[in-house]
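Chains: A, B, C and D, in written order; residue numbering restarts at 1 for each.
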Amino acid sequence: MATETIEVSGHIVDSLILARILDAILESGADYELVDVAIGKTNTDTSHASIVVRADDQAVLDALLDDLQVHGANRVAQSEAVTEVADLDGVFPTGFHSTTNLDTDVLLGGTWHEVENPEMDCGIVVDGSAGATRVRTVPVHRVRAGDRIVVGRDGVRVRPPERRAGPGTFEFMNSEISSEKPKALMIRQVAERIRAARHDGARVLLVAGPAAIHTGAGPDLATLVEEGWISCLFTGNGFATHDLESNVLGTSLGVGVADGVPVEGGHANHVRVINEIRRHGSIAAAVEAGYVTGGVMHACVRAGVPFVLAGSVRDDGPLPDTMTDVAAAADAMREQVPGVRVALMLATTLHAIATGNVLPASVETFCVDINQAVVTKLADRGSHQAVGIVTDIGVFVRQLTGELCG
Amino acid sequence: MATETIEVSGHIVDSLILARILDAILESGADYELVDVAIGKTNTDTSHASIVVRADDQAVLDALLDDLQVHGANRVAQSEAVTEVADLDGVFPTGFHSTTNLDTDVLLGGTWHEVENPEMDCGIVVDGSAGATRVRTVPVHRVRAGDRIVVGRDGVRVRPPERRAGPGTFEFMNSEISSEKPKALMIRQVAERIRAARHDGARVLLVAGPAAIHTGAGPDLATLVEEGWISCLFTGNGFATHDLESNVLGTSLGVGVADGVPVEGGHANHVRVINEIRRHGSIAAAVEAGYVTGGVMHACVRAGVPFVLAGSVRDDGPLPDTMTDVAAAADAMREQVPGVRVALMLATTLHAIATGNVLPASVETFCVDINQAVVTKLADRGSHQAVGIVTDIGVFVRQLTGELCG
Amino acid sequence: MATETIEVSGHIVDSLILARILDAILESGADYELVDVAIGKTNTDTSHASIVVRADDQAVLDALLDDLQVHGANRVAQSEAVTEVADLDGVFPTGFHSTTNLDTDVLLGGTWHEVENPEMDCGIVVDGSAGATRVRTVPVHRVRAGDRIVVGRDGVRVRPPERRAGPGTFEFMNSEISSEKPKALMIRQVAERIRAARHDGARVLLVAGPAAIHTGAGPDLATLVEEGWISCLFTGNGFATHDLESNVLGTSLGVGVADGVPVEGGHANHVRVINEIRRHGSIAAAVEAGYVTGGVMHACVRAGVPFVLAGSVRDDGPLPDTMTDVAAAADAMREQVPGVRVALMLATTLHAIATGNVLPASVETFCVDINQAVVTKLADRGSHQAVGIVTDIGVFVRQLTGELCG
Amino acid sequence: MATETIEVSGHIVDSLILARILDAILESGADYELVDVAIGKTNTDTSHASIVVRADDQAVLDALLDDLQVHGANRVAQSEAVTEVADLDGVFPTGFHSTTNLDTDVLLGGTWHEVENPEMDCGIVVDGSAGATRVRTVPVHRVRAGDRIVVGRDGVRVRPPERRAGPGTFEFMNSEISSEKPKALMIRQVAERIRAARHDGARVLLVAGPAAIHTGAGPDLATLVEEGWISCLFTGNGFATHDLESNVLGTSLGVGVADGVPVEGGHANHVRVINEIRRHGSIAAAVEAGYVTGGVMHACVRAGVPFVLAGSVRDDGPLPDTMTDVAAAADAMREQVPGVRVALMLATTLHAIATGNVLPASVETFCVDINQAVVTKLADRGSHQAVGIVTDIGVFVRQLTGELCG
């Protein structure tokens, strides 16, 4: 167990700095204790926190301390900065101190010297002798053999950014809804939450839009339903129609699901399937009669998983199960909410927001879409608890099914 | 073999109608012969085409003819429309004619009757008796038992939309870059083109951006290089750095590639790796020295696959192999162009456009990105030959590797 | 009047080449006559077209011919290529021939010589003497004083790209839905279509989503209604609620419309306004009672403009005018369709698609959104006639109002 | 002056709850004093804060307290909840308490009763008599005349959501980069920051991409430069070329800037302009010679505003002023950083990230783009200080110019 005490000062609560520091500590697997916290009483007072950080070993702790410095946290115990002379043009000594873009000071000869030109991802060069010391950042391609470069963590402290004055500092966070992160861990975490919910007898709600079928996720979703991972389904006429069309005729919006080629029919396939389901009277009746033999809706009927098909003014048909009265549909959704612990929202803005309207904030909500804007929109509507994952629905559902049913 | 002759009239060349019809015929697996084409001589003249369509069986042909009617093409041989009486409220007869939104006529009693209210995905109701016949569309929920409904294909013709007058009719096509289509077929087609190129001794060019590494595609790309599917690589300092960082330290931008958790280092990892590669003098030297033991750049060095790392003003470091003179980098790319038949562009706007600048139009170019705008931008810059696929890079590369190396 | 005859050969119909050429001619303000067209009878035959192009003056015609060569069209009359010697390193002679990326030939000494390395935006260098002539492209930074460079249009011909074999050549066009084009002309054209419709007594349909209010377009839309430019309005509970909230309380979703600061209320404002309108019994009654004194809905009531508020499962409240039965709402929309010539769809996917479902293809449809995907989605659903404009709704409506009411 | 004391408990620091509360107070124009704060020492301990809130008048304070309850903050002073009987079906009493989606309790008969089914934007119905009291939410359409409904703020408290256990709680904030907010205030705030910088003698840095010219912002940017609002310009070959092309030939990428029609030239215009500027030797020389008479680059030359044109591998030409060595270009940018207080980044990912790399965190950075992803990407690269504004560049620059030069 390795331990270090850090401190941070400034507008650390209202600028989110303290929250980010604590989050970074936990994310790294380390733990913390707040040993001294003085919160500024008013908008203009600054705050101060001392935090003991504990990690399993020194390497993890050291890496974490580097990251925390990006947020403005410094070690309390500070000794003189150590320098080393560069031996090659364009190359730093191996243990060089890599800078943030925050205002920075370096402790040399017992005095803190301000770095002249803060810039991220640089080294720090120390020029001059005692009494005339200057410290400045230098990018790697400009270091020259013979330059004195700060190495290691000692004797370098940073200052968190000033909060800009006044209201309306419409800041945004380094949002986790970026599409550039590996998705495998996120999917594994969603699987764990679903597994935990089922283990505890809690319910899992699936909310899905028609793109879940277009992108080929139908068979995997049917498997999830069949194997008992889904407790209820909120969707609309489009999802159900495309699911039924793809299973009855092998097409989705007239395009072959298996090969992408419009082999067997055309633009009218979905209306024809709706018409036949209307003739049977309900999806369940069409399943019973053997007209529908696979797919998500089939799996729901067979497994007794309740579904709410909420109508929309853009619906074709609609299917006999689609509730054309949207107030009644929202009420039907409310009936299903008790007991839900996890909600999984796939490729739907309309049904995600509608579901967000009727869910308590305590429900763990995961919103998956290829489009980042959908996720932002859900939070804008008040469902702050939603966690966004930007990826292709097909790959998400395939991997989730692999985790849960593999 | 089933055959039918269709015809289409209007501004069918400049409104793309004829091109869409021929494309739809080929996409369905059918074939055509143009038996009579009269192209309007000027902007205001209309054109006319008669086309013999041949398909393997009648079912495919019938489905195709339905689709072609959406584009305004009618069968030449037209007999009376057939009607059937609806037996249930809200349900059409099974073989009902499903409408387009084009102006439509129905042949009844030897006379063409104009449909009063064209609307897509409806049925056609025939009211009144001979001499006072009216035909109108009806959505399925409003049909009533006893209504006479047109069934089948006979006796229904449509008229293509008028071209709006004047220049600047900034029309857009039903673009194939939609994110809502199954990707499996597209990926298989890309694999076939690559396989054909290698079989013929032609070269395959990989162009990739850093997101290809962030999204976890690195190991699969390395496999493609190792197994000889890639002839040369165009990328930049970011891709190479993240690839090297992920293999040397197990992180990409400081985040663990395997599990998404920032375990072993931090924001400065990429600068540290760059610094060490600079110390070795080149990526190849770092591979030789055993500092780099895996990844895409390692595979290129081992397999003798040439790469061009074109510099960018946003680069950290850079790596010693990165060409900081961009005019020299473009020239180095030009050296590699001869012999390239297939170009695969993954998650990069900058390098995709740069490559598009130096590629002949005859190179088969596939541009893959999670963001539709990138694909549009490439075409806007003159690379009209590029085919766009909107999906997660991770899943694309995984499936492509499965097809080629599985 | 300047005239030139051009020709183009290859798969010019199914590869859209001919359509693009005719479109480019009309867009430039020039005109054409097709003097000789031979359309290939089958998929594998090539086609040929000769086209007389006429423009107002030679400068326009010359510029147009350059553009047409990008699509593979050459002048029929070809004389020897003219060359000029570069006088400076890195600079072409002023009238240099600027290349496309198509396969290209140059006529020198009575013989067509193939350009060795086609690349766009380059010059053509002629090396060697008669009998050993070589022609190749060179980018401007690599030309050297003394190089012989082709100048002007004479003696350079291109070949259109080969159509890739087989179905599924999922090509996409240089789409006009790019967000990088000046919008002023497009908006002026929309204004002209609306003005023409009103002049002819045809109806103009406005379809709008709630973002039209959030982005501050409400006052301008109200002006358009008041001044008689809108014949009917299709929207939903959200648009009407935010319009009413912003006029009764000065907020939209609790945020001050005038200044962006949440001064006067909070998250519950919209529910409170809905509750009070419910108490009045209808929007019209609330207008009569003086509870609502401005905004789009107020303008509709005062001007007698009919509106359809189609319900959605995500609605709060809803307003008493909102039709919770979506099948009934679609029917109410159908009632309003006759006589509509122009449809303007602003910042709504749901209502745009719903309206597209019930509109004939002959209605001129403009779909405006900040998000390119919405426009693509509308076409994917069959409304091929829709023209997309990617821009901020606030600025679009402000400029349109300026054009029509200024 | 109106005052109220509120309290909040739970994981209020690491879940950002306290930061959001303080931010909401300041944004409303109110002020606060933290009178009692107990921060949990470890990850599992909860924290508690008591906050005195002061606003100018009671109405603002009341509205603010409603908003704070969404974040889990309750008033310390709590009296019995007040109820009122609904007089109409489907309508709440006017002062009804509008719910959040948090777990909620109501104080009735001296006892806190838990609300059975938390749901946002509902009313609270009280059923039963003393000893058997039940409280539940009800949406407005389901209230019935005679129901007892909680009115006002008294006697209703909420509980903040539990922090989900463990690392990786990849939460995201209600981000301010939404495209659905009124932009006018944001633009005014940017103008104020620029005005303040100039007043203090600090420098304003403009960073721009080529889309700034395509979208018609060029003339306004030139005005900003001419009137002394811009101290230096970072951009690339594309921006400068399109600016020069649009002023020399009236086109941008061959499209007429004034009317959107490609009248005067074609795809090669930009290469021709580059060629002529190369002939002059520099942009400044071409301005001196009268070849360039307007535009942003012209304004920079005339006003003595320094610019850095950083090269890119995708550049055509390039212009003689473009620095093809990107490491040298980054160094040239570093020269300009001292004294910069405000950085304005318009429609560029490449130059925005490059600039972010060399800017201290203390520079006020505004990133404007029609694409939300660009803004996220900038923060992902470490420039946490950047504020994002999602809008059309044309309208942003027009309004900013109006604010500063109007």
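Observations
What we mean here is this: contacts are C-beta pairs under 8 Å (C-beta built on N, C-alpha and C of every residue); 3 or more make two chains touch, one makes a residue touch a chain.
Note that the coordinates shown come from a computational prediction; the quantities given were computed from them, not determined experimentally.
Listing every chain that touches chain A and chain D alike gives B, C.
The chain pair B-C and the chain pair A-C differ in C-beta contact count, and the higher one is B-C. Computed centre separation for the pair chain A/chain B is 28 angstrom, with centres defined by C-alpha atoms.
Note on chain placement: the centre of chain A and the centre of chain C lie 34 Å apart, centres being C-alpha means. The geometric centre of chain B is 20 Å away from that of chain C, both derived from CA atoms. In chain A, the residues touching two or more other chains are 27-29, 70, 100, 121, 139, 141, 167-168, 179-180, 185-186, 260-261, 267, 316, 318, 327, 330, 357, 371, 373, 380, 382. Residues 13-16, 18-19, 22-23, 26-29, 31-35, 37, 39-43, 49, 70, 100-103, 117-121, 139, 141-142, 161-162, 164, 166-180, 185-186, 189, 327, 330-331, 334, 337-338, 357-362, 364, 372-373, 375-377, 379-380, 382-385, 387-388 of chain C are the ones touching chain B in the complex. The residues of chain C lying in touch with chain A in their complex are 167-168, 236, 253, 260-261, 267, 310-316, 318, 324-330, 333, 349-351, 353-354, 357, 371, 373, 380, 382. Residues of chain A that touch chain B in their complex: 24, 27-29, 59-60, 63-64, 66-67, 70, 88, 90-92, 94, 96, 98, 100, 121, 139-141, 179-186, 211, 214-216, 252, 254-255, 257-268, 270-272, 274-276, 278-279, 316-318, 370-371, 390-392, 394-395.
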